[in-house]
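Listed after this line are the structures, all set down as structure tokens.
Here come two complexes built around chain A, the first alongside chain B, the second alongside chain C.
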Partner chain A sequence: MFESIDTSLIDWSRAQFALTAMYHWLFVPLTLGLAMIMGIMETVYYKTGSVFWKNVTQFWQTIFGINFAVGIATGIILEFEFGTNWSNYSMFVGDIFGAPLAIEGILAFFMESTFVAVMYFGWNKVSKKFHLASTWLTGVGATISAWWILVANSWMQYPVGMQFNPDTVRNEMVDFFAVAFSPMAVVKFFHTVMSGWVLGAIFVVGVSSWYLLKKRHVEFAKASIKIGATFGIVASLIVALTGDISGVQIAKLQPMKMAAAEGLEDGGNGVSFTVVDDIKIPKMLSILATHDIDGYVPGINNLLNGGYKLPNGETALSAEEKIERGKKAIVALANYRKAVKENDAAAKADAKKILDENMPYFGYGYIKDPKSLVPPVGLTFWSFRIMVGLGGFFILLFIVVWWFHRKNKYQDMPWLQKVALWTIPLGYIACQAGWIVAEVGRQPWAIQDMLPVNAAISKLQTGSVQLTFFIFLILFTIMLIAEICIMVKSIKKGPEEIEQQA
Partner chain B sequence: MTYEFLQQYWWFLVSLLGALLVFLLFVQGGNSLLFALGKNDDERTLLVNSTGRKWEFTFTTLVTFGGAFFASFPLFYSTSFGGAYWLWMIILFTFVLQAVSYEFQSKMGNLLGKKTYQWFLVINGLVGPLLLGGAVATFFTGSNFLIDKGNMGNEVMPVVSSWANGSHGLDALLNPWNLVLGFAVFFLNRILGSLYFINNIKDEQLIPRCRRQIFIDAIPFLLFFLAFVGYVLLTKGYAVDEQGVIFMEPYKYLHNFLEMPVILFLFILGVVGVLYGIIKSVFSKTYRKGIWFAGIGTVLVVLSLFLIVGYNHTSYYPSSADLQSSLTLANSCSSMFTLKTMAYVSVLIPFVLAYIVYAWRALNKKPITMDEIKNEDHTY
Partner chain C sequence: MKDNLLRRIWFFYVDGFKSMTIGKTLWLIILIKLFIMFFILKLFFFPNFLKGKTEEQKQKYVSEELINRAITE
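Now for the complex of A and B:
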């Protein structure tokens, strides 16, 4: 009997990676957002020389630092989990995927770690100018890091710039720029980083609103709100715009994700958008997905059954046909290796031909049941709605806060301050929901059409992965609770007390 | 640039990162001495704030070491991390504990209390260098893994690398030679930690204690280090012939040293540097620069160990379960295109090193003192 991979091993490996990624993304977006906001604040200090702005900057830098540490702690695990838990993936595409990770380390992490130390410990040691540069470079480093890791993630969603090499049994990079500047990576970068900026803005506006509610640090709060709300409007509008572009890309490149996010069983032309349950906007989904009022959007059944016309005029294959062709590719690979061993040139060329013809469906060969090609619809559907709904709400909130702040009325509007305060957790929920759409929505693929998760894992005992899962769960949860407690204490203490202590 | 040159170039860069990592583990070494050197809370605060300004470099170097290995030798990355699962996981756990401990320990509301976070630093300081040293030793002693690329053609069980036993890397700790190098690295990092304190801190109580501590750690360090060097020179090594077939060659690493005299020279220079840094710091009451001699010496020694295990037709990650599964530079590296692209990226490394040196000097111009810590805006 053949040895086969235990499905619970796949589930636990996925659970562990999801756990790490979700925790990581609790800390990183705030880091990205605050980095910019601190940079702006310190620039004001540099220009005006006012100690007030130095205090404002230092207060937000303290909050930044608490977050930064946990972001690093969870981040290191993410990088190594590609090896520890997804070793077959790392073998199969490391030639492409390793590069952005290495570049991230060389270009971004060293920049962050060098200048974050100057930012914290350099106030009395380096010039004002060098210090300001260090604060900005910390943020720039974090942002460059985001670029490369999102390049890596986009490549899994939309693999480009590579070729399969049957001799090394892996995919190899043939076009670096296609990988590094893939259209999906560009959109994902702006969408994701700006969502971090939005969270940073929500956090600054929310915390400052709490001070206004408590009638403490009023000047500090107003100054922070001015920068936070302005910054928030710009960032949230870019998030919306890139979200729209991303929708079209997904509809084209990952149609199953789009169908799941819409809960669309059967597609067609001029499809309406389901807001929730029975509330529908006619034609809206076609507009969102194709930017065409009568555009064709395939549903889950269409994708499984095939038979509809693709934009390039070809007829879509059914899931069974794709699986069939994937299996052909896998058998051809085995035959190719056999022919190489036996030094049989004719058989080798034959196998290579079959392999090349069927390579686009390679990953389907590891799929046992066509139904497993459908990602969890409910989770993707609702996460998508939460993300989009909250994103719209944030734009509105920033505009309203900015407007009343400008009219000098915001400090007398406790209800709106309360709304701003309670938006903080919503910001986190929106960020998490976005990644759930992106990652759950692409199941079962580790790499779209190329490698499903069941062929991407490390061969370990399920018990080992369960154990490390729970160790991480406990570790990260303690860290999260400690982090929240520390932040709450620091916020309650406020900026001026920090100044007195110094 | 030939394919072979690129493989050797990337092995050099990975080795350099590994060597810098072992040097930067002075942060861990220093932390392992937190309670031995720091007799009261103030002293411990001073120690923590000394290594606390450098820990991110160590961390980043560890991550970049992993990333560079991934990009240039992906089959090593997948085989070792996915196979020696527990060995790497335990290392990572302790680094996770360390990452938050600096920032959290003195903050109000930190849930676990200052002592706990300081103990996290100590645990990372004990376990991190020991296991990283042990992991590097497996480059010489071998690991229990199997590789079969044909598995990708098996649609039911397509996993290429697997570990040949159930303990997933913990078995490395059963080989005494892995432990010997682990302990050598551990004691070396404690020495480097003390040397860094001497360089970075000005305190009349603490510094003489650091000098005594170096002496205490130097004896076991020398014993373990010399034992491992003896083992490397005398043992059979994993050699590769022209066809890529792996075989055991008596005195392989000794031969490599003799056939690549530049590396032998770097190795000896490194050993002399380490010894000079140690001896001068122990016997002179005012000498503060020991960290630089011992630090650069450490980089040279570790670099040359990496180079003799990778260059000259040697398998750098040998398999003790199946000789022909062993990894060599040629059979585990990335494609020519990727290595070349990454080689262009590596042109930026000198700039990165330059700003690191610049920022390091800006922060380390004056040694830190008890007064400074009490008046600083941002302390741990």
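Now for the complex of A and C:
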């Protein structure tokens, strides 16, 4: 019953999806971050009535608008790809995946679109209070939008609140709140959205530092740095906190991802954290993964061989045992469908019972070699270190910039201004590295334990996927160049009016 | 009253679009992008895999896909 799917088709489809998602995520975090910073700046304007702050707000709104316009709708291509490249997945997940995306589209996107118009067109046309509310609601709309997208993504990492229906071959939602507020979704939301806030703060501080280096718009730059650095400290500390919670969650729910991120072959109690190569911090991984100095952390081999005690006292199954259960589930699905066709009630009931018992391992039935359950270790390992290392650097940078700004010395520190400027690309790299850990680290699963990518994929011609990959690459690159050019032009032009006001 | 409100909203947008500077370039980018996405990519490169199938046919197709791709020996 084995039908071979060309591995190059899987690789190209994954590459195409990764390309689209990574380009999409170049625009989204800056939208999320700048939206909040603009809101704070306009609140200062509302409170003080100072035209200076109005102009500061308007400048950053222009930058926000460029990013928003170029980035808008790049996510739609991802939704096309679900239907075309991953049609089995789309059918299998049913409305669980569709519902959050539909809510995102109807509620959040319309909210965002409505208020963004008031934000840009409403200066001097609506009251100050209504305009301020519109600016905040634009940000809130973008954030709610992110919530539902992250709910959908979290469900793929930790499928909950559903029941598989063998008649419709779909997972059906039985508990909306379990899906919408799963612990994975809540932590992922805060960690991801706050990382966008951090990028927004890095961008504001970096661009403002460039003005200081050029000795232009100094008052504007100092005011922006004050807000950006303060906001950045708060956001980056929350990112660190939610990252810590996320680590414990991943160790529990996706232990293979944790083992890959650590390059941990053999686990145990009181495991060291590998910084790089032979530099290790004793017991640190156990603390990070379990919040217990002697906590047990399984390694890749432990996860494949099973036999260790799980936190609930049960003994972990080996990969081979899981594969056997997965096969049983798939055979039971086949038998169920046959029994329905033949109208055999007894056989149908038997098959349903076996299917329900083994459904949590359904996806393992598609795994030929247990070693394919191990994600790419090198990429996950280094992406994790880049993300965490840069995250720590951002906290330090914001604190240092904030401190020297407070002491009124920052404008005389060109080396630090250069560091802040060159941190802008690092902010993007950290965001991308985070998603690489999240997505590459959970391979081979499209849905954790339930559907691997080789079963989720559509039967397409590899050549057509390759062609669309390169079309997207060219299209997205043109858009990115357009954005960078327009943005750089606007930044170089600078907030002219502000200087006059100042 | 209702007409008046609609008129005000209409002119709010018309005036807004008219007074845009950099926004006009951005709208052009948005329109080109949407055209490429919906009229070129969607039409030629995103054929609907399950199009034309009834719900029952879709279920049959996907169940066969899921069953046949498994390794059961």
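One rule holds in what follows: the second predicted complex is superposed on the first by the 491 of 502 C-alpha atoms of A that agree within 3 Å, B and C clash if a C-alpha of one lies under 4 Å from a C-alpha of the other, contacts with A are read in each partner's own complex, and residues count from 1 in each chain.
One rule holds in what follows: contacts are C-beta pairs under 8 Å (C-beta built on N, C-alpha and C of every residue); 3 or more make two chains touch, one makes a residue touch a chain.
This is a predicted model, so every value here is computed, not measured.
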{"item": "Side-by-side fit of chain B and chain C on chain A, or clash", "value": "clash"}
{"item": "Contacts of A:101 with chain B and chain C, given as first, second, both or neither", "value": "first"}
{"item": "First, second, both or neither for A:82, with chain B first and chain C second", "value": "first"}
{"item": "Chain B versus chain C as contact partner of A:115, first or second or both or neither", "value": "first"}
{"item": "Partner chain(s) touched by A:125 [first = chain B, second = chain C, both, neither]", "value": "both"}
{"item": "Chain B versus chain C as contact partner of A:172, first or second or both or neither", "value": "first"}
{"item": "Contacts of A:346 with chain B and chain C, given as first, second, both or neither", "value": "neither"}
{"item": "Dominant toucher of chain A (residue count), chain B or chain C", "value": "B"}
{"item": "Superposition clash, chain B versus chain C, among 2-10, 20-28, 56-64 or 146-154", "value": "146-154"}
{"item": "Contacts on chain A seen with chain B and repeated with chain C across the two complexes", "value": "2-3, 5, 62, 65-66, 69-70, 72-73, 76-77, 80, 83-84, 87-88, 91-92, 117, 120-122, 125, 168-169, 327, 330-331, 333-334, 337, 365-366, 455, 458-459, 464, 468, 471, 475, 479, 482, 486, 490"}
{"item": "Residues of chain B touching chain A in the complex", "value": "53-54, 56-57, 59-60, 62-64, 66-68, 70-72, 74-75, 77-83, 85-86, 88-89, 92-93, 95-97, 99-100, 102-104, 107-112, 149-150, 152-163, 166, 168, 334-335, 337-338, 341-342, 345-346, 348-349, 352, 355-356, 359-360, 362-363, 365-366, 375-378"}
{"item": "Partner chain B, residues of chain A touching it in the complex", "value": "2-5, 58, 61-62, 65-66, 68-70, 72-77, 79-80, 82-92, 94-99, 101-107, 109-118, 120-126, 130, 134, 165, 168-170, 172-174, 176, 327, 330-331, 333-334, 337, 365-366, 455, 457-461, 464, 468, 471, 475, 478-479, 481-483, 485-486, 488-490, 493, 502"}
{"item": "In the complex with chain C, residue positions of chain A that touch it", "value": "1-3, 5, 62, 65-66, 69-70, 72-73, 76-77, 80, 83-84, 87-88, 91-92, 117, 120-122, 125, 166-169, 326-327, 330-331, 333-334, 337, 365-368, 454-455, 458-459, 464, 467-468, 471, 475, 479, 482, 486, 490"}
{"item": "Complex interface listing, chain C residues touching chain A", "value": "12-13, 15-17, 19-20, 22-23, 25-27, 29-30, 33-34, 36-37, 41-42, 45-50, 55, 58-59, 62-63, 65-73"}
